[in-house]
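Note that chain A is present in both complexes that follow, paired respectively with chain B and with chain C.
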Partner chain A sequence: MRPILMKGHERPLTFLKYNRDGDLLFSCAKDHTPNVWFADNGERLGTYRGHNGAVWCCDVSRDSSRLITGSADQSAKLWDVQSGQQVFTFNFDSPTRSVEFSVGDRLAVITTDPFMELTPAIHVKRIASDPADQSAESVLVLKVPQGRLKINRAVWGPLNNTIISAGEDAIIRIWDSETGKLLKENQKEEGHTKTITSLVKSPDGSHFLTGSLDKSAKLWDTRTLTLIKTYRTESPVNAVAMSPLLNHVVLGGGQDAINVTTTDHRAGKFEAKFYDKILQEEIGGVKGHFGPINALAFNPDGKSFSSGGEDGYIRLHHFDHDYFNIKI
Partner chain B sequence: MKAGTVNEAKLRWAELDDDDGEDLDFLLPPKEVIGPDENGIKKVIEYKFNEQGNKVKITRTVQTRKLAKARLSKKAVERRSWAKFGEAVNGNVGDSRTVVSTEEIKLERRNGPGSKPVAPNPLAPKGVTTIKCRVCEGDHWSSSCPHKDLLLRHMEASEVPISDTQTPGTSKKTYVPPGLRPGADKTDMRPRRDENSVRVTNLSEDTREPDLLELFRPFGDVSRVYVALDKETQVSRGFGFVNFVRREDAQRAINKLNGYGYDNLILSVEWATPRPN
Partner chain C sequence: MTDVMALHASTEIPPGEIISSDDEENVLEEDLGFGNIILVDNLPVVSREKFEKLVSLIRGIYGRFGTIKEDWMPHDPNNNKSLGYCFIEYNTPQEAELAKEKTNGEELLPGWTHKFAVNMVDDLAVPGTEVAKEITPEHSVDGFAAGGNLQHWLTDEKVRDQFVICAGSDTEVLWNDAQYLKSELFHKRNLWNEDFVQWSPLGTYLATVHREGAAIWGGASTFNHLMHYAHPQVSMIDFSPGEKYLVTYSRHKSSNSSDANTIHQVEVNIFDVRTGKVRRNGTLNDFALGGPIFKWAGGKDDKYFARMGKNILSVYETETFLLVGKKSIKAENAVDFSWSPTDTILALFAHESGSDNKPARVTLVQIPDKKELRQKNLFGVSDCKMYWQSNGEYLAVQVERHTKTKKSTYTSFELFRMKERDIPIEVLELENKNDKIIAFSWEPKGHRFAVIHGDNTRPDISFYSMRSAHNTSRISKLTTLKGKQANALFWSPSGRFIVLAGLKDFKGQLEFFNVDELETMATTEHYMATDIEWDPSGRYIATAVTSIHHMDSGLNILSFSGKLLYQILKDDVFQFFWRPRPPSILSPEKEEEIAKNLKKYSEKYKEKDKEVPKLLREKARGKRRMLQEEWEQWESRWQRLHEEDKLERLKLRDGEDSDEEKEEFEAQELEIEELLDVIEEVVSFDD
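Our next item is the complex of A and B:
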């Protein structure tokens, strides 16, 4: 395949997200302006100007009308996807790390980093269908018992009943999204040993995949939080993705960004690694980035995927035919 | 055909002999397409020469379906025509924001059917070969040897200038390490540890020193095991050295393990240095 290289960011990529129809690709980076691209040919549709810090995460509503972004400028913003206009700004007292719309787009979960004397927290906001009615009030605030350690990802569980969070303390927690009660924590002995960098749900939400700096990715059952599979690799995992079409998972990573300039490029292993989801066996790797992969996303049709790297490039890969009949 | 076109006028008998049939297509009436009608049915009328050189009219009735459109949702089609905004407005055409990679990137298979091992040359007679690698003495060219970095190292070692005749340091006031000073005893500065040393090549990447020790231990007392690692990647470079306390043990190990299948690879075991005779 010949990937499409998209250079819309000046700084390392942080997050990639397809909309539900798979025709738009949203990209966030440490520069302050998220971009939106046409996912078929990589043409840039627009930019969302307004943040004043690194943008860590974004999510797009099911009908592709609203975008929510979380940024290190201590705010999360709602945007009109089509025009690029800011619709609303949620202000916090610490950087926001992770954002996600609930099923139905009526709620959003936003996580904030520990900052000064503040501990990390998970906020649930109500999203009004009419932006004029939008309020900044949090429906629920979860204080997370992990001290100074960040929450890197928080997502909605099935039917919006739960919130799943994971972060630097390497523990996956499931919270009740109504009461804010901690329902489950993963078993210490089967969990990750280092920071969990990414968490992605399967298309049906029945299981999810976490990637960690302990050089592994793990597949978990959403309801019971039991470990299903473990995928081991040779370098820290920064990003994970799951194919909606085939039983494939993709791990992206590479050595820590701070070590990139001091070590050999061959040692970096800056490739997106494909694993068989069930057999846990490595299928192959897609190379190309000059730095660690920070973000991965699969097109909802499963026929293309994109990766964003520390090198500031997004690489959009449309699979060749032979990918779809790969046998192990 | 009689309607004397320009093309026909150009036609010469010599050309007719040269290229048979295919290039005469310009003599045919143009392709006609009727439709598609509301059911997506269209008629395509084509003319071509058959093997006998006769003109044949082919009429095909085709139903066309718009697959590409059907796959995109209505909303997505609508979004396609959205106006650009933000920084994407000015000069997105022709700028280099979006480039198709010139490089063909493959999903590199780790193992299994996708990764093809290098096929041995079927023409080469088995067992008899005139090609001999200077590094590992296998039947391939030295330049394509998997251990050619060994050779480079050998060459580097032999290229170190021997400065015995000259006495640097006496003419210029530069520091000369004691080992290089005239009269220094070079023999036992660092005792070379290659007595009864056995070189093992074609090791798999996963082989570590303990594995090698385990493999060679049964032949006798081993004084040293070394696996060469890449400085930067810490990945095994595929060769190593084993020192035996007794020479007979080393010889037995060579006899036994040379050509031994270990971890899917055929080991090559030999004396590390040519024995002085």
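Our next item is the complex of A and C:
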């Protein structure tokens, strides 16, 4: 499996997202400019200029017309995917960390970091189909009881009825997206013990996977928030992905960026590790990055995946034929 | 009861002797009361041959009072003599009572000087009963009571070993279930110790060190608190080899010294392990606390210990805790000494003295008579290290000398044969005597040793034997391995195998070498390994990364041949130790016999061993099937719910059916056959 190396960012990668058709790959990095690439050959299509800070997260609408990005410049922006034009800017008083469109793309959930006196919050915005009607008003603002600790991911639950959030306090919470009431928290005993860095839903939304600095990833039932599986690895997990095709999950990470230069690259374990989703057994790993892996994404067709690293590279992997015949 | 008596009691009958005896029934009896058992003391001490005679005599006498269910006369394994007492168990307590009444204070035979001292085992709460306490833990009063059989772990059905691992604030004792490629938790505690833990030398106790002192733990099914030893700010503890005494050290700044020139004081307490009483304590001035200041003589007797002072060597004995012969040994310019691991012989190294031109020398002194067994003068010495072979058969003295120009040093070894007449000495020089010695290690219980020497980046490793092919008293070189990445040697405790390890700069390179065949069995790596330790049986080896490197800390368990069996990953591991085992109670002859007929003995384990992998495979398959089914159930349940939501989802998507994406992509197996070429040939065959 020969990866395609995509060098378009000057700073560490933060997030990767495929559109639904699986032909476009959107990448966010600590430099201020998200990129869009052909998911097949890794050719860069364009950039989205306008942010003035690290871009932490993005999402693309189902019809691939709109892109939403969240940035440390205290804004979230809506973009026209094709022209690269800014459509709208949501301004906040603190950096935005996570963004996601709802089912149907009429809502977006945006999280903001704690900043100065502000505590972290989850905002729900209505997305107008015509940009002219777009309003900056929040439909709902959830104040999250985690003090100064960041929310790293907030995503929509089934039928947009709920919002699932996770972050530095290592607790997963499910909120009612209508009333803003806290519905569930995960059982402490079975939960993560350190910061949850990433959260990804299964294609049908039935379960989701969280990765944490406690060197594990956990699979949860979306409705009941019960723990289904735990995957243990040797290094902190920064990114997770789930194959839409096979029962595979991928964990990416590596030792803290602070420690990278102090040791041999072998020690870093900058590897994307594949696990059997059901049996929880390790299948294999894909090496290559020179720093921790910060972002992972599966192509919706399940035949390729890409990883983004602290090293500023995106590595796009099309699976070999052998991959589809792995038996354990 | 006085301490001396307690001491006597425990010297007479080492706890291991009772428990490790094969007599299972004695262990079983513990479940019942002891009302029907009597202890008959003041018997003559007899040798093995007269054992039967005495037993039958006693049976004759005590048979008169009832039916003897069981009798048992313990003996001292060291000299095979009886210990002067025996236990008799009757069917009923009444019979025992009667026997006691009739015989207590009576003579064994008319005119015999021995008068029976008979006690009910249950009543033993009077002086001289320490022995009884040990075997009837329920009736004992101290902390040892609750522990049960302190050597219970040795009776493990699967003959596994234990190890302790301290990580963060957790301390765990685990079984090494290597056959099943996993570890099994035996005991876990949070905040068990404040500083560190340490096994006692025979593995009976786990000592935990706290700010206020040390405590020991042990027991059959868990770790019970047995005893604690108060010593504020204790920083080092040291058990005597037979576990009778515990020496605790702490270092303090001397109060009357200025900061610029701090003199350190070392406070020492010597405790009796079982009673917890301080036997001796004191403060030593001007000592660096590099290792234990008091060194114990080898062997299980714990009779002598010694410390070195300026130009003197003080040897103490533990009966009275006074100097042997009431005065120290004069040892001018002495810089180092070490005990033989088995005998009460110590080796003393003294530097040359400038004033009267005396050369440097190594002296072997026998204790308690302080006789000089052997002395060797050495010239131009700059440094000297002593290595004893584990059976005390050989002593190697590594001598570093200055070259004539005094610019560099070269090394040679003086090898003492301790068990031969007059202790012959041989000098061994490496082929390149300017080679720096990086490590030296004796084969445990064996006659071979390994040396790492030469260049720091690519050192050589040489193996020598104290025997040559034709002559058992000549040294021969076995082989030299050139240019290895190793700086530490780890012999298997049963000899034969050695791990050549490259720690620190070599980043955890490991080579498993078979010294019998002189071949490498495996090379592997545990990245940045800091600690390597063989299990006491020599079957497995553990390599660990302790938190010095604060990442990927954890433990690998490998087989003796270097195959990775399983890993334990944990954050902040800072200590790892195998639980030591007491020495085998088999005689060396018996051990040799077993080694010779290993096939015969191993037969019965073979079948069992074969079953294990099969069992493991089946278990794994079963587990997978179960997981798979569980998952499918869960999925089907979810799909039903998903279907029910379909309408609402359609509405959210403006009527666009979004559920088809499940069917959009699916794994398909395609088989493509391509016909490349067809050739038709007529093949003739003759009949």
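As a convention for this text, the second predicted complex is superposed on the first by the 328 of 328 C-alpha atoms of A that agree within 3 Å, B and C clash if a C-alpha of one lies under 4 Å from a C-alpha of the other, contacts with A are read in each partner's own complex, and residues count from 1 in each chain.
As a convention for this text, contacts are C-beta pairs under 8 Å (C-beta built on N, C-alpha and C of every residue); 3 or more make two chains touch, one makes a residue touch a chain.
Since the model is a prediction, treat every value here as computed from it, not as a measurement.
Steric overlap between chain B and chain C is present once the structures are superposed on chain A. Look at A:S138: by the touch rule set out above, it reaches neither chain B nor chain C.
Judged by the touch definition given at the top, the superposed model places A:I4 against chain B, while chain C stays out of reach.
In the superposed model, A:G104 makes contact with chain C only, not with chain B. Once the two complexes are overlaid on the shared chain, A:G302 sits against chain C while remaining clear of chain B. Contact with neither chain B nor chain C is seen for A:T89 once the two complexes are overlaid on the shared chain. Among chain B and chain C, the chain that touches a larger number of residues in chain A is B.
With chain A as the common frame, the single stretch of chain C that clashes into chain B is 397-405; none of the other options in 55-63, 217-225, 397-405 or 631-639 do. In the superposition on the C-alpha atoms of chain A, the part of chain A touched by chain B in one complex and by chain C in the other spans residues 263-264, 266-267. Those residues of chain B that touch chain A in the complex are listed here as 72-73, 75-76, 79-80, 82, 84-89, 92, 96-110, 112-114, 230-234. If you check the complex, the residues on chain A that touch chain C are 20, 62, 102-104, 106, 158-160, 203-204, 206-207, 215, 221, 223, 228, 232, 234-235, 244-247, 255, 259, 263-264, 266-267, 269, 278-280, 300-302, 324. Chain A contributes residues 1-8, 21-24, 33, 35, 37-38, 41-49, 63-64, 82-84, 263-264, 266-267, 271, 274, 282-288, 315, 317, 320, 323, 326-328 to its touches with chain B in the complex.
Per the touch definition, chain C reaches chain A in the complex via residues 507, 527-528, 549, 551-552, 569, 624, 627-628, 631, 634-635, 638-639, 641-642, 645, 648-649, 652-654, 658, 661-662, 665-667.
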